[in-house]
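For reference, the structures are reproduced in the following blocks.
Next, two complexes with chain A in common: one pairs it with chain B, the other with chain C.
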Partner chain A sequence: MVGTRNQQKRKIWKTALFFSPSILLLGVFFIGPMIMTVFFSFTDISLTGSSAQAMKFVGFRNFIEIFKDPKLLTVLKNTMVFLVFSGIIGQQCLGFLLASLMRGKNRLVRKFVGFTVVAGWITPEVIAAFMFSSFFADAGTLNKIIGIFGASPVSWLFTFPMACVVIANIWKGSAYSMMMFQASLDNISDDIVEAARIDGAGGLQILLRITLPMIKSTMATTFVIVTLSTLGAFGLVFAMTGGGPAIMTTTLSIFMYQKAFIAYQIGYGMAIALFILAIGILLSLVYIRLIRANDGN
Partner chain B sequence: MKKKKKNLQKVIPYMVLLIIAGAFLLPLLWLVFAAFNPEASQAFAVPKYMSVENFRVILTDAKNQRGFLNSLFISVVQTGIVLVCSLLAAYPLSRYELKTGQKITMGMLFLTSIPITAVMVPVYQMFIMMKLVDSIGGTIIFLSASGLPYGIWMMKNFLDGVSVDLEEAAWIDGASAVKSVVHVVLPLMLPGLFTVAMFTFVGSWGNFFVPLILLQSTEKIPAAVNIYRFFGERGQVIYGQLAAYSIVYMLPVFVLYFFSQNYMSKGFAMTGASKG
Partner chain C sequence: MFKKKIAGLLAAMMCVSLIGCGGGGDKPADETKKAETEETGSTSADSDVIKMAVGADRVDFYRGLADEFEKQNPGKKVEIIEIVNGSDMYTKITMMMQSKETSPDLITEDGFMIMSDAEAGYLEPLDEFMKNWEDAGQFEQAILDGAKGADGVQYGVPFSTDTQCLWYDKKLMEEAGVSVPFQPKNWDEIIEAGKKLKEVGGDGFIPFFLYASKTSPEETSMRTFQELYSGTGGTLYDFDTKKWVVDKENLLKVYNFVNDVYNVEKIGAPLSIVSQQKVEDLFVSDYMKNGKLGMIFTGSWVPGNWGEGRTYEWPEGLDTWAVAKIPTYDGSGDGFSTMSGGWTWAIPKNANNKAGGEELLKFIAGKDCQLKYAMFSGDLAVRKDVMEDETYLSQKMSVVKEAGEMLPYAHFRPSVEGYSTLTTMFTEVVESIAMGSASPDDAAATFESEMKRIVGEENVTVK
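Moving on, here comes the complex of A and B:
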């Protein structure tokens, strides 16, 4: 009895020892800043001027200011449009489409298509931004292509800036959904599908009655992850449009950057960060729930 | 008639796949062609004659060389720190069946999905207070911390796959925990270590936001910020050079990808969020 208790104690000590470098790093540089966000978003902290020295609590002023900001509504709308079209509809649906089309196909085709999609994922975001601002530029590839069909050039980045960043983000991020769906579809045995087919089920029926229910949990987890990464996306949009023209592509993360690092209103920036963080925490908790539920099955 | 329909049904998925692949490939092809084209424009074009002039200009520029070296230094050191810390942390999580261990594992999974964007403002504030702004060391430490949750999570999953029996045999032979890790577990963990290293390196190499905020001096910024400043703030962009720069910058991660495709899909299969 005493021995096992000692053993248990030793294990706890060892765990603590082994964990200490990680705890230190995570505590100071990750969890610390998360807590700071809450604290500083109630202050008038800024990088220049008098409040840089004497910071004081201002209650909910930053939050009230945010809600009064006439730009906020547009920024939220932009964020939602970017999230829904590039993340949920774009990456999720394209990822699923690719994964299901690739199922049971020629190995070479699978490899080739897989590579072209994964190339987006490994390409650094600044490069992806340059590639797509060139692609949509007035003298860019897209106008050249539509020119072949006799259409006159369009200023894509000025007329449809949101569509441009959405497409760029689909290109950049579809690999994750594709790979997750591929792994999940591989788990569905061909026998079930074959049996259903013999029973007379059509393609749509197989999709709705067999495939979708069986990959439900993967859909849920990728949904959360894609949402979180789209919400946090910064470099791609920033390097492509800088949030413009005007504020047409300013998402929450770019808004935060502008407030905190261009206008030097750190407190205000923190309040926006807190908002992003709150959504992040909420979705992460949902995510863990989903993972745990899956493990239970 | 029926046979024709069946053939068509077989061909359509291939056609759709190839069209999507073509669309994905097009921007990349522009980049490759433009890099070797001395007269490159923003539109896709096959060069009239090939030249490596763009590469020569980019690679002989001292600022660019510095940028690549900084990227390499930051990514390698960060990967090293993440590997050591996550291996140490994952070991007790995987081996000792403690209740707190399970909670910590879930905590790590939770942290993997918090967007780094959300903590950048407070991190900058903290770096001002700690006098760490514009310090490569500070940047590396922050990047390491942000890469740790995913590293620990992946490493724990890989360790779970390494049988405890071998290790216990080593213990019975009188080896200490550290010794058994080094001689027995580590060799079996190589694929896992490689996967964690690869994910960390790719994430670090492409990272733009963190160095944009935390580093300022021209001689300290990595390639991601350098290329943004180099081309983003100049009026007249020479597209061939931009493309050549991009190719050089992308090359390491693409080479890494080709050597580690299998490891990568393993990392993806581990769920958890991989943040770029």
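Moving on, here comes the complex of A and C:
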């Protein structure tokens, strides 16, 4: 008995020992700043002016401000459009489509397509933004191409700014979903698909009844990760349009930047950051619930 | 048992090696620091290195002055910190000044940030410095007052000022049938000239450019909104009651003008140009040289960009472009109005080498350097001895004489507490009109509600 207890004790110590580096790092670089964000979001701290020196606690004023801001509705709508079209529909669906089309193709095709798609993912954000800015510019590539067919040039970044950043973000991010789906699709044994086919299942049935249920957990993970990274996406949109024209591409993260670093209201900016976090958590919970509900059936 | 011991040992080793990593990481860092100081040639203490933060487009110019300073003061080293230009500059400088680790010893500070940064405790008072500086008498009192905090303390030493003017292309004006020299007496005459220019201009031609975008925030706030508003007789801030003012009647004059330019007469620029980053570079490098722009409200410094040795050198620039004073709304009041800004040198409170900063400040705010700066930048001089200098007065690529004549009509930004947040709002409202997403009436209503929201209803007077 004594031996077991000692062993248990030792096990706990060992676990703690192995965990300590990661807990330490998380604490210093993640949990610490996070607590500070919560703290500052209840103050009127600013980058300059008297409240930079002596900040005051203002209770929930910053959070009330968010909901009183006349731009909030547009910004929320922009964020959702950007999230749904570039993150969920664009990256996820395109990623899945690419992954399933590449299934069973020969190695050369897989390598070529894979590399092409991943190229977008490994391109640094700002470079991708410049690339797309010049692609959509008034005298840019796209206008040159449509010019060949006799169409007159369009100011893409100003007439369809949201569509431009959505396309750029799909190009940039699809590779991640594709790789995740590829890995999980490879795990589906050919025998199961074969068996289903012998039982008379068509392509759609195999997709809906075999493939999708089997990669469900991967889907949940990628959905959560893609959602969170799209909600936080800043560099690409900022470098392409700066949130404009007017506020047509201002998403929550750009809104946060403008309040914190252009209008110098750091406390307000932090409150918006927490608001983004809350939306992220909420959406993640919804995904997880949806997947679980399906499990019940 | 044996396995577990090994596991424990391994874990312990891991931790030790982690700590080792930390220690090891620190050492080379120290060594690099030492190496750097040695490399810059300063063998003694840190006090010989003076860190100066300047805008990215001024780095080469200031390097030249710094070299001179180093020659005159053997053993001293000036390290230049390059700050990105545009509105991010203010953000970056304020953040650098927050910590001793990053604070420069001398910075270029835009005049309108002084009150706010002084209030934040970022700036070192310079009253004592000015008392002991033999050159202090070279500055006009009004110019020195512009570099004081709300507490009346001197925080900056001015080195340049400017006025806003109406720049126009003489050749295109003549072509359009507008007599040159052009001097409009009210805003309608500007619109009329714009309409005539529109008729002679071709595809992609901009008859009249007014800043109207968040991508040029302070430009839109000052060169469009405040410039026009100062010509309506309206005020933004009442220094007696210490309250911000909402004056809808005068706001509407401004907003209707912006609306006329962009939406009614359509003599403004396409939105793709308005929203472009660094649009002024585009104008001085291309549009103004190639007859693609008719008129623009901008600073008196423009020809500085075309000076000898500058990136966009164009010695014949002033054969094509000329300045006019910007009239008031209907020519009443003083008849003209201009917004004046200015730049100063300041020493951050967190500077590690304040003595060095002051020494460099005396040199760089001295006559020689200020004269060189005025010649280089095209800005107006602020020292009396520079203003009277023959080289300054006779420079070819500048409109210092015309711009100097505008100074009596100058207005200044109310850079009191709250301005740095409100100015973003001024810009956003103008932008919403130019983009066609708000009517002038909507805009005036937004101005009122936003002003109340930002500074608090108790701090606003509505007229």
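In the analysis below, the second predicted complex is superposed on the first by the 252 of 297 C-alpha atoms of A that agree within 3 Å, B and C clash if a C-alpha of one lies under 4 Å from a C-alpha of the other, contacts with A are read in each partner's own complex, and residues count from 1 in each chain.
Criterion: a contact is a pair of C-beta atoms (placed from the backbone, for glycine too) under 8 Å apart; a residue touches a chain by one contact, two chains touch by 3 or more.
Note that the structure is a prediction, hence the values are computed from the model and not measured.
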- Go through the superposed model and pick first if A:18 touches only chain B, second if only chain C, both, or neither. both
- Message: Looking at A:141 after the superposition, I want to know if it touches chain B, chain C, both of them or none. Which is it: first, second, both, neither?
- Response: first
- Task: With the two complexes superposed on chain A, say which partner A:79 touches: chain B (first), chain C (second), both, or neither.
- Result: neither
- Message: Looking at A:158, would you say it contacts chain B, chain C, both, or neither? Reply first, second, both or neither.
- Response: second
- Touching A:34, do we find chain B (first), chain C (second), both, or neither? first
- Task: Report for A:68: first if it touches chain B alone, second if chain C alone, otherwise both or neither.
- Result: second
- Report for A:261: first if it touches chain B alone, second if chain C alone, otherwise both or neither. both
- Message: A:211 in the overlay: touching chain B, chain C, both, or neither? Say first, second, both or neither.
- Response: neither
- Query: Touch check for A:243: first (chain B), second (chain C), both, or neither?
  - Reply: second
- Query: Which chain A residues come up in both lists, the one for chain B and the one for chain C?
  - Reply: 14, 18, 21, 47, 261
- Note on the structure: Listed in rising order, chain A residues that touch chain C in their complex are 10, 14, 17-18, 20-21, 46-50, 52-53, 65, 68, 70, 138, 155, 157-158, 241-246, 258, 261-265
- Note on the structure: chain A contacts chain B in the complex at 11-12, 14-15, 18-19, 21-22, 25-26, 28-34, 36-37, 40, 45, 47, 94, 97-98, 101-102, 105-106, 109, 112-113, 116-127, 130-132, 134-135, 137, 139-141, 143-144, 171, 176, 179-180, 183, 221, 224-225, 228-229, 231-235, 238-239, 253, 256-257, 260-261, 266, 269-270, 272-273, 276-277, 280-281, 283-285, 287-288, 291-292
- Task: Could you please specify the touching residues of chain B with respect to chain A in the complex?
- Result: 13-14, 16-18, 20-22, 24-28, 30-31, 41-44, 81, 84-86, 88-89, 91-93, 96, 98, 100-101, 104, 106, 109-111, 113-126, 128, 141-142, 144-146, 148-149, 152, 177, 202, 205-206, 208-209, 212-213, 224, 227-228, 231-232, 239, 242, 246, 249-250, 253-254, 257, 264-265, 268-269, 271, 273-276
- So in the complex, which bits of chain C are touching chain A? 4, 7-8, 11-12, 14-15, 18, 87-88, 90-91, 94-95, 113, 116-117, 119-122, 213-215, 217, 270-272, 274-275, 277, 417-418, 420-421, 424, 431-432, 435, 437, 446, 449-450, 453
